[in-house]
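Pasting in a structure now, in structure tokens, and then I'll have a few things to ask.
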Amino acid sequence: MTTRIGVVTFPGSLDDRDAQRAIRIAGAEPVALWHKDKDLKQVDAVVLPGGFSYGDYLRAGAISRFSPVMETLIDQAKAGLPVLGICNGFQILAETHLLPGAMLRNNHLHFICREQKLRVENAATAWTSDYEAGQEILIPLKNADGRYTADEYTLDKLEAEGRVAFRYLTDGPDADGYGNPNGSLRNIAGITNEAGNVVGLMPHPEHAVESLTGGGTDGLPFFTSIIKKLVSA
Amino acid sequence: MSRTPLDTVEHAAGTPDVEQPWAELGLSKDEYARIREILGRRPTGAELAMYSVMWSEHCSYKSSKVHLRQFGEKAPQSEAMLVGIGENAGVVDVGQGYAVTFKVESHNHPSYVEPYQGAATGVGGIVRDIIAMGARPVAVVDPLRFGAADHPDTRRVLPGVVAGISGYGNCLGLPNIGGEVVFDACYQGNPLVNAGAIGVMRHEDIHLAKASGAGNKVILYGARTGGDGIGGASILASETFDDAKPSKRPAVQVGDPFQEKLLIECTLEAFQEKLVVGIQDLGAAGLSCATSELASNGSGGMRVELDDVPLRDSTLSPEEILMSESQERMCAVVEPSKVDRFLEICEKWDVIATVIGEVTDGDRLEIYWHGGKIVDVDPRTVAHEGPVYDRPYARPDWQDALQADDAAKLPRPENADELRAQVLQLVGSPNQASKSWITSQYDHLVQGNTVLARTEGDSGMIRVDEETGLGVAIATDGNGRYAKLDPYTGAQLALAEAYRNVAATGAKPLAVSDCLNFGSPEDPAVMWQFVEAVRGLADGCLQLGTPVTGGNVSLYNQTGTAAIHPTPVVAVLGVIDDVARRTPVAFREEGQLIYLLGDTEPEFGGSAWSQVVHDHLGGLPPKVDLERERLLGEILISASRDGMVDAAHDLSDGGLIQAVVESSLEGGVGARLVVPDGLDAFTFLFSESAGRAVVSVPRSEELRFTDMCGARGLPATRIGVVDGDAVELQGEFTLPLAELREAHQGVIEGLLA
Amino acid sequence: MARVVVDVMLKPEILDPQGQAVQRALPRLGFEGISDVRQGKRFELEVDGPVDDAALARIHELAETFLANTVIEDFTVKVEEVAEAAK
Amino acid sequence: MARVVVDVMLKPEILDPQGQAVQRALPRLGFEGISDVRQGKRFELEVDGPVDDAALARIHELAETFLANTVIEDFTVKVEEVAEAAK
């Protein structure tokens, strides 16, 4: 039986089709989920895609968080359902407090779209097991509100528990994708919950699954990781 | 409301002598007289509102129409053309059952007044034109012109415009795959914000803006109607009909990209279920335009209940409702049996939708308000039979002196050091410098089909079909400096450059859209520029076999008597069978051979070199040879298809050195160049002769490639090799890539900081 | 030191997509009885020296030329008591 | 009908690049003597019915759970006199 991975479409979701394509390329079956439906259609995992749900009005993710689908999703995520939040999806996860912290306007105040070097800090989550810990990858990034912020206590706790999943790499030339693109504290690009089933990150792995259109395939392991995990489970 | 009686048709007929503010609404005395003649009575306030906006320059093309006809009259035979000029946007067959629609429009003036919202709503408007054809929008482009890069106001306008385009386009999920950024003092006070969009559909999904079938319902959906952009209407409303109103309404609208994204999705869903008979977007002139165009393009008449229009502001008068330019609205004609389903889809997407009228079997457009008939017109007279002017035009008396002031006489670099310094100066000048500060604010990846964007290729390219690799490419170009020196040639050079850019990536040019930005048509010199540019473009399109499918005219871009440079912006759309074969600009492999295609002559009029080094504009622009352009295009396309070249870059402003530096920086590999026989180093580097490109050829392909060029008669000169980490001109200078990058990057940010 | 607050709101006739989005979300959150929401910007300026008429006039000019675009926005300027110890 | 205003500002310890950008632009515009600028959001809520303690409590809750993200933002709620005839 093929693995079924849901992709939620909120009003204003943009990269939902891209997430579906990535899931397909990785070998699973993408299942479209609708924000007004509480029903998750018994999928094995869920991706909250990028975009500007509700136009990012108020705060990115603030309105989507109250969608019917999120009610179910929050409960099931707490019960272990694997959830990946990409960009706007990460912002939604932060607003629901499934992941700690918040995303603020980029420190340079602009939307930024670029290729970004990341280090995989935690290769033990449901979505990262096909990476090696410490592996450096190149993934596109595009957002206006990507500055990860949390208080010192939370940041220390995340570090201590190994829950910083991805970090922006800063020790190289800008032209090669190095640098902190938005002022995120401690160069944090993505984090995981304690159980490792909920992961959120600002960069877009679903845009790095075909070399023709994404400039590389470094994002594919996100999707192969989860498929392997689900198949072997 | 017991104030003045409602100005119904009946009331108007009975009160022929009421004073009407036609002049304040921008109508001439003759135009007002014509309206009275058409109606056989004075217009009601609502009718006057409709005629005045629809007969405005912006909506009626009254100064340009007589000339734009050439695009139809001289249109080349093209099997690709599915829908031509006259619809919201043209449609082109790209094969495999796909059709592509594309168009460029201007939003110049609003972007000067309120850069963010002006530019944002410009994107919104052009995207609605694309949806109205039945297509899913798949990409946007943004040709931009600003005042001098170091002028303080550019610091206000440029970041606002860029943020507006990025804020709106990114939020719609449309990759931005191309455009231009040009600085010139002539655009101070009149920045040009042109926006283009491309949409893809299956042939059978093409929709047109017409209301047919008596009994069919007219549905207005999207945002509520508010008091935006109705400066004119409030004159009507406040001074003639209701003195209590604020007398000025802002002429700038605030856009809501989120609402537009919902509009896209719900419209496409309605198309998919074949629920729509006719459709029209609401842009300039709002409901006046949508109702009169839908009605006049269809077979019957139309009856509209204006009271049913959902309002944001309940105090709006009927005139204001008719003229409002509130954004993010569309109008669909739907069969009665399908109305429920249509409304259901709108509800699914949280889009407000209301039946506001129906198609009738008469031939009148009738609009009712509070039970009274306030409009009763033949819609054709509103939408299509506006005034047409053949305005006087004359070659300005300064043209000769300008052309005589030949750039060839300017002092040239005297030694290798000066040559080197001028190369650095050129690649670091605002117009030639990297635009990454701007393009990095645009999402070029969303939708996952972008094959070329930013500096990767000479044109933007997107994949249309994931299975077959079918794709389309688009490039927009326009050089106001060339056009100022000679508008006829300038327009052809814009066309030639866009054509060449598309071919350089391996795509076959198919069709053209344009945005003609000029000063006041009431100035005979400007009018002459316009006439010449249109003639040049129409002749050029005929010769290249690429029909104009639609476009836009923006006039009155001037401050006082100072007009902008005539700026015809030309967009060329091309098709490629397999995007995997596209040719990028980057030099990537050391050892590959660099060939220069085409002939280089000492042509410096209007050149970047003359501007950057001497702040000079004079002489003649480069000569145009469209047969050569076509041949060059064919060679570039064949070379891409058969894998004979690894990189290709067209030569345009800045000449050969600019192109080579860009290809080297893009690929991170240098180039060793030699001045070919018969040329001096200066001309070799800086000439802007048209019809040229540089390519990098793998050694294994050299013979095949040169044979092909030889057999077809295209001059191909070996000028160097891809090598090292510097751009070197043998015997003259060496410029390390790091130094070039330093000069080329960061220029725009530096000016705006 | 004193604080001057400049509030910038879209003019009433101008569409306020953000305010609308907030308002439309309210019923879903179980909030009724709010008939309109408008969202604007609040600038808190810490002014060195006394906030006299001259200073206020300058801030008014700043608001008019820079903080707001009066084509689409209205603004108000007011001096605020800064309760020192308050959080 | 009454108006309740909710002001939302970033917590003082959180970097406010928007406010900073405004502040940095001031000298260029010829404004001196402003030592700090912070930019936040202002929400104007039009409330049907009386703004009694119960209503205010509800709006306070709305601000806390929705209008502000208290991980990063502080807020204040206040009732505003709506000058009826004023423009």
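Miscellaneous remarks
Note that the chains are named A, B, C and D in the order they appear, and that numbering of residues resets to 1 at the start of each chain.
Just so we're on the same page, a contact is a pair of C-beta atoms (placed from the backbone, for glycine too) under 8 Å apart; a residue touches a chain by one contact, two chains touch by 3 or more.
For each chain, UniProt lists the protein as follows: C, D = Phosphoribosylformylglycinamidine synthase subunit PurS.
The model shown is predicted, which means the values in this text are computed figures rather than measured ones.
Looking at which of A-B and A-D shares more C-beta pairs in contact, the answer is the pair A-B. Chain centres here are Cα averages; for chain A and chain C they lie 34 Å apart. A straight line joining the Cα centres of chain A and chain D is 31 Å long. In whole angstrom, the spacing between the mean C-alpha positions of chain B and chain D is 40. Counting partner chains per residue, chain C has residues 17, 21-22, 25, 29, 39 touching two or more of them.
For chain B, the set of residues touching two or more other chains reads 256, 258-259, 350. Touching two or more other chains at once are residues 54-55, 57-58 of chain A. Chains touching one another form the pairs A-B, A-C, A-D, B-C, C-D.
Chain A meets chain D in the complex at residues 58-59, 62, 95, 101-102, 104-109, 149-151, 183. Of all residues in chain A, only 54-55, 57-58, 63, 66 touch chain C in the complex they form. Chain C contributes residues 10-17, 20-21, 24, 69, 71-72 to its touches with chain B in the complex. Of all the residues in chain C, the ones that touch chain A in their complex are 17-18, 21-22, 25, 28-29, 39. On the side of chain B, the complex with chain A involves touching residues 163, 166-167, 170-173, 256-259, 261-262, 348-350, 440-451, 463, 466, 579-580, 741.
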